[in-house]
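So, here come the structures, one by one.
In what follows, subunit A forms one complex with subunit B and a second complex with subunit C.
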Partner chain A sequence: MARYKGRGMASVNYPIGMNLGGDPSQALIHSNPDGKFTVALSAIDLGQGMKQVTRQVAAETLGVPIEDVYVDTADSDTGPHDMGSFASRGTHRMGNAVIAAAREARGVLLEAAAEELEVNAADLVTDGKGNIHVKGAPSRAITVRATAQAAQFKQGKTIAGRGIFLIPLSSVDPETGEMNPNTAFAHACLVADVEVDDETGEVSVLGMSSAYELGRVINPKMVEQQLVGGAWMGISHALYETPEPYYPNPDHGPRDFNEYLMPGPGDLAPYSITILERPAPDGPFGGKGPGEMCANPVLPAVANAVYNAVGVRVNDLPITPEKILRGIRANGGAKPQARRGGAL
Partner chain B sequence: MEFRKDLFQNERDDNLNVVGKGVQRQDMPGHVTGRSPFFDDHAFEGLLHLKVVRSPHPHARIRRIDIAAAERAPGVKRILRGSDVPVNKNTLLSLINFGKDDEPTLAVDKVRYKGEPIVAIIAESEAQALAVRALVRVEYEPLPAVFDVEEALKPGAPVINDTYPGNYFEYHEKYDHQKLRFGDVERGFAMADHIVEDRYQMSPIEHAPTETNGSIAAPEQNDRFVVHSCAQGLFFSLGTAAKIVNLDSNRLHFIGGTVGGGFGGKVDSLTEPLSILGAMMTGRPVRYVLDREEEMLYGSPRGAERIYIKDGIARDGRILARQIRSYFDAGAYTRLSSYAAIKCTAHLPGPYTIPNVASDIYVAYTNRCPSTAMRGFGITAVDFALEVHMDKGAEACGLDPMEFRILNAYRDGDMKAHRRVAKNTALIECVQVAAEKARWPLSDEARRQSSLTGGGGARAEIPATPIDENGRINRPETRGGRPTQTLPAGTMRVPMTKQPIMEGSTENRPKAPAVPQYEPYRPAAAAPPPVAPPMTAPPPPAAPPAVAPSPSPAPASQHGAHRFSSVFGTRRR
Partner chain C sequence: MAKVPVQFRLNGSDRAAFADPADSLLTVLRRGLNDFGPKYGCGQGTCGTCSVLIDGGLRLACLTLAASCEGASIETVSGMADGPNLHPLQTAFMEHFAAQCGFCTPGMLTAAKALLDRNPNPSREDVIDAIAGNICRCTGYEPIIQAILAAARTLPAQRRS
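Up next is the complex of A and B:
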C-alpha cells in the first residue's frame, strides 16, 4: 500500500463570444455637469467583474480618472440591449461597445474644450488625470469639469455617446460545418501534480502551474480571481462533482451541499499562474477574457496526472476512488509511469 | 500571478492609463460587507409566494389534474395550470430564430422528466404554498423512459419530445446531427502508423450558485410590471418572458445586474415567466424562488456528453487524421444544447493543425431534466476528451506529451477545420512557458518553435473533401452511408463575416488610443504568397488532395435564402 505521485498536462484554446456572432451589445455613456461619467448598460455582473472591466475600458477611452466613471447595470429601462453575460463574451463584446460609446462622448468633450480654449479639437489630448490640454503645450489646458460645465450651461452640448458591437451572424454549411465562428481565441497550458493512494483510491491535487494567454489583461487582479476560482471548479469537475454518480442511471440525485460533493478549503492546491498577452486584433485594447476557459485544462491535466501516478486511465468523469481502485485491480496493481520535470 | 511581458511585446502598447491596472472593483465594498442588493433583497407590501408541483415520473401521460382541494386551502390566492399560460410552448433560442418551440412552462398532456412543473400555486406565505402542493391531485399513466443518449437515438426508442420525434435536434432541416468534414479522414487513417481510439464520458454537473434561481414580479401603477431578476442575460430573459406571457416588451421593466453566481445556470428564465404571470393574475407582487433542493435536482445542469475519438498518427508524431462522434444529452427539451453542438463543431479538432478532420455531433433527447449552458459550454467536455486522448497519442508514438503538442499545435496562418485561417495563436508559447515553470525538459527544437512562424503555406490549404448525406432526418438507416461526392480543394461556401458596426467610429472625431480594428478572416488563396517555413518548423502534414487543388476558392454562394436558413432556419422572421 503506497501513495504515488504523478504529473500531467493539457493545453487548450477557447473561443470568445457567441460562436456564430449575431450577439450585439450596446452601451450608453453620459457626463453630468461636473464631468463625471455614468456608463449605462444592461450587462450582468455575476461576480466576474463586468462592472469594473467596463469602467476601466470607459475611463481609458474617455481619458479621465477611473474615479470619475461609474457603471450602472442592469435596468432594462435605462440600459440598452445586451445579449447577456455568457459565452465569455462580456469583456470582448461589451468592452468594444463601451469603447465606441466612450469615443463618441470623448469627441463631444474635446469639441467643447476646443471651443473654450479656442483651438482645434484635433490638437487636444487628455492626461487621464482630469485635464485636457493642447498636445505639446500642457499649459494651454482646461479641466474636464470646467469643460462639462461649459458644455452644459454655456454651449448647450450633450457630452454623451452611444456604442454597439456586433459581429454579424454566420450561417453554417450543413455538409462541411464551414462557418465564421469566433474571431478571438485565448490559450492555456496547465501542469497538475497529484498523489494517488492505491489503498483508498483517493486523489489529492498537490499543486498546479499554468500559462494563460488572454489577450490584453484589463485588470490583473480580476484575471487572477477568475483563474484561481476556475481552477478550483476544474478540480471539482475532475475529481468530485456529479449529480448522477452512475450516469446514465439518473438515481442518487443530491439535494443540498451535504450530498453534492465539492472540494473544501483543505482540498485546494497551491497554484502558480503566468500570464501571456497577445492582444486580439478585434478585442477592447486587445482583451479576450478569461471567463469560461479557466476550468478546462484542469480536467484533462488531472486525469493525465492520475495515469502518470498509477497507470490508470479514467475516461469517465468524475475520477472517483471507486474508478481508480477498479482500474488498479484490473491492471494487477499500480503502474507508475515515468516522472517528468522538477518541483512546481 | 506573474506576467511574461517579453512575449508578443511588439504587438502591445503597454503605456495605458488604467487598462492593465489592478484597480479595486466599484462593487467590492458592497460585496465584502454583505450589503450589495441582489434580486431577493427587495421588499414588497403584500408579497405572494409561488411554488410549483413537479412530476414524480420521468415520463408519463397526464390523465387528470384536480386542483379543487388546493384552491380551497388557506392562504391560496390562485392556482395556475398550463392552460393559464398565454404562450405555453417556447424554445429559448427562438429569440435568434434557432430551433422550434418545444417546451411548455407548465406541462399539459405529458411530463417528460422527473421534476417537470405542472401546476403553480400562489399563496400568502411560502409555507402555505409548499403545503398546498400535496393537495393537487395529478393522475399519471407512466410511460417507458430512456436515459442513455445512444439508446434514445435507436429506432423504436420511446418518443420523448414530440417536436423532435426522432429524439434528436434537427440541423438544417436535413440531418440528425451537425457535420464537420475537412479532408479525407479514411485516407489519413490508411497512411497512419498508429491508430488511437477511445470513448469518453463527461458527467452532468450542477452549477451550484450561492444564490438559487428566482425572481420577484410586481405590478407598477402604469400598466407595467417590474421584475427583479437574477438572469444572466437581462434582455434575453425579458424577451423570453414577454413571449410566454404575451406582453409587449416595454410593459416589462427588468432590474438585475448583480447576481450571486450563475455559471450558465441563469440563462433559462426558469422563474420569471411564472412570477410575472402570477402578478398579472393576482394584481400583487409574486416571488418565485427555487429552494436548494429544486436548484440541485431541477435547475437545469451541465449536460453530459459522450465522445468517441479516433486519431491516426504518423511515426514521427504528426496527427494525420482525427474523427469524432459526440452526443450531447439535452434532457427532455432543447434549451441551448443545439447551439453548444455548433460551438463544439467549430472548436474541433482542438488547437492543433490536422489535415483530415471529421466529426458528427448529435443532440439527443432523454427523460432527464433539460440541461443548459455551463461554463465552457460545448468545449469543456470535448477538451477533456481531446487532451486525455493527446496524452495517449503521445504515448503511442513514444513522444513526450509537451513535445507532441508543440509538434501538432496550430500556428498563425494555418487553415482550421471550419475553413477559416487561424491567427493570433499562442498555444506553443503557453506550452513552452508551462514547461519552463515546471522544469519539464523540452528539446531545443521544441523550445525554438513559435506560433508566429511555420504556419500557412501548404498548411493554409483547404483539402479536397469527401462529403456525405448520412443521417437524414427520419432515415436512421442512412447513418452509415458512403460519401456522395468530393468537394474540390479550396471549396468555401459560407460568406465571410462583414466588418462589425461600431457606432461612433464613423464620426469625424478624435480617436481614442488603441481602438480595436476588426479584420475578417481571409481565404487562404487571397493571402500573400506563402513564405517558406523556417527549417525548425515541422513540415506540413502530407495529405495530397485527391482532386487537383483549384487556384482560388470557389465564390461564396450568396443566394438570399441560404444566408439564414442553414442553421437559423425553422422560424424565419
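Up next is the complex of A and C:
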C-alpha cells in the first residue's frame, strides 16, 4: 500500500458571455443635483464585484471621482433591461453598456458646463477630482457640482446618458456549419499536483499553479479574490460535491451540509496565480473578466493528475475514493504514469 | 402555545421579547428584536452563519432555544463595531477581501472574535480550527484566514503577551 504523486494540467479557452439575442445589457446614468451620479443596472452583484467594477468604469468615463458614483441594482422590474449576471459576462457586457451611458452623460455635462463658462464644450476637460476646466487654462473652471445645479435649476437640462451593449448576431453558415458565437475569449492554464492513496482511494491536492489571461484587469484585488475562491470551488467539484452520487439512482444523496461534502479551511492547497493582461479590443478598457473560468480548469487538471498518479481515468465527477479504488482494482493495481515537468 | 417573556442583554442593552417556547434564539433576534446580523442559513447547525456569543461562548443561534437565554449576555455581529469605529476584525476583513457574497461573514466574524477573545495570538492552525464550523462558498477560506491573522497582529501588544 502506498501513496502515489501525480501531476495534471488543463487549459481553457473561455468565451465571455453568450450570443443568443445579442446578449444585451443596458445602463442608465443620471446626475443628482449635488453633482453625484447614479448608475442604474438590472444585473446584480453576486459578490463577484460587478458593482465595484461598473462603478470604476463609470467614474473613469465620466471623469469624476469614484466616490461620486453610486451603482443601483435594486430592481429588475423598473431598471433598464439586462440579460443578467451569468456566463462570466458582467465586466464585459455591463462595463460596455456603462461606458456608452457614461459617454452620453459626460457629453451633456460638458455642454452644461460650457454654457456656464461661455466656452465651447469641445475645449473642456475634466480633472477626475470633481472639476471641469478649459483645456490648458485650469483657472477657467467650474465644479461638477455647480454644473449639475445649473443644469437642474437654471438651464432645465437633465445630465443623463443611455447605454446598451449588443454583440453582432452570428448566424450559422449553411455550407460549413460555422458560426462565431463569441467576440471575446479569456484563457487559462492550470497545473495540479495530487497525492493518491491506493489503499483508501483518497486524493489530496498538494498544490496548484495557474496563469490566467483576462484582458485588462480592472480591479486586481477582486480578480485575485475570484481566482482563489473559484479554485477552491473547482477542487470541491472535482473531488467532493454531488447531490446524487449514484445518479440516476437517487439513493445515498446528501441531506444536509454534514453529508454534502466540501473542503473546509483545513483542506486548502497552496495556490500560485500569474495574471496576464491582453486587452480585448471590444472590452471595457480592454477587460474580459474571470467569472466561471476560475473554477473550470481545476476539474480536468485534477482528473489528469489522478490518472498520472495511479493510472485510473475517472470520467464522471466527483472523483470519489470509491471510483478510484474500483479503477485500481480493474487495472490490477496502481499504474503510475510517466511524469513531465520536474519533481512534485 | 402561550408566549413566554424572555429578557437578556443584547450587545450591551437590556432587551425583552415574547417568544414561543419553541422559538430559537435566531428567530427572536431576527423577528422579535430586528437584529438581522446573524443570518438564517441551514437552520440545523451545519453552516455557522447564525453564530453568536452567549456569555462569551460561541453558540449557534438556530439551535439555541430563546427561552434558555433568560438573563444571558448575547453579542451579535451587529454590536461588534464601536459606533463608527469598526472592530479590528471588520477592518481586516475589508482589507483582505475576506467577503464576497457576504452571507457567511457574520458567523465568520463572530467565530473569529470568540477566538481572539480567548487567544489573542493565534497560529494559522488555531484560526482554521476556530472557523471549521463555518461554511464559505465564495472565498476559498484563504482570505478569511489571512484577515483573522492580520487582525490579531493589530491587537494591542499587552493582549498578545
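In this section, the second predicted complex is superposed on the first by the 320 of 344 C-alpha atoms of A that agree within 3 Å, B and C clash if a C-alpha of one lies under 4 Å from a C-alpha of the other, contacts with A are read in each partner's own complex, and residues count from 1 in each chain.
Here is the rule we go by: a residue touches a chain if its C-beta (ideal position, glycine included) is under 8 Å from a C-beta of that chain, and two chains touch if they have at least 3 such contacts.
Everything quoted here is computed from the prediction, not taken from an experiment.
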Once chain A of both complexes is superposed, is A:Val119 in touch with subunit B (first), subunit C (second), both, or neither? neither
Could you say whether A:Ala10 touches subunit B, subunit C, both of them, or neither, answering first, second, both or neither? first
Just checking: does A:Lys221 make contact with subunit B only, subunit C only, both, or neither of them? Give me first, second, both or neither. both
Between subunit B (first) and subunit C (second), which does A:Leu46 come into contact with in this model arrangement: first, second, both, or neither? both
Looking at A:Ala141 after the superposition, I want to know if it touches subunit B, subunit C, both of them or none. Which is it: first, second, both, neither? neither
Could you look at A:Ala231 and tell me whether it touches subunit B, subunit C, both or neither (first, second, both, neither)? second
For A:Met262, using the defined touch cut-off, is the partner it touches subunit B, subunit C, both, or neither? Pick first, second, both or neither. both
Could you figure out whether subunit B or subunit C reaches more residues of subunit A? B
Can A:Leu206 be said to touch subunit B (first), subunit C (second), both, or neither? neither
Of all the subunit A residues, which ones make contact with subunit B and with subunit C? 46-47, 49, 221-222, 224, 230, 233, 256-257, 262
In the complex, subunit A residues that touch subunit C: 46-49, 221-222, 224-226, 228-233, 256-258, 262, 264-266, 268, 271
Listed in rising order, subunit C residues that touch subunit A in their complex are 42, 44, 46-47, 97, 99-102, 127-129, 131-132, 135, 137-145
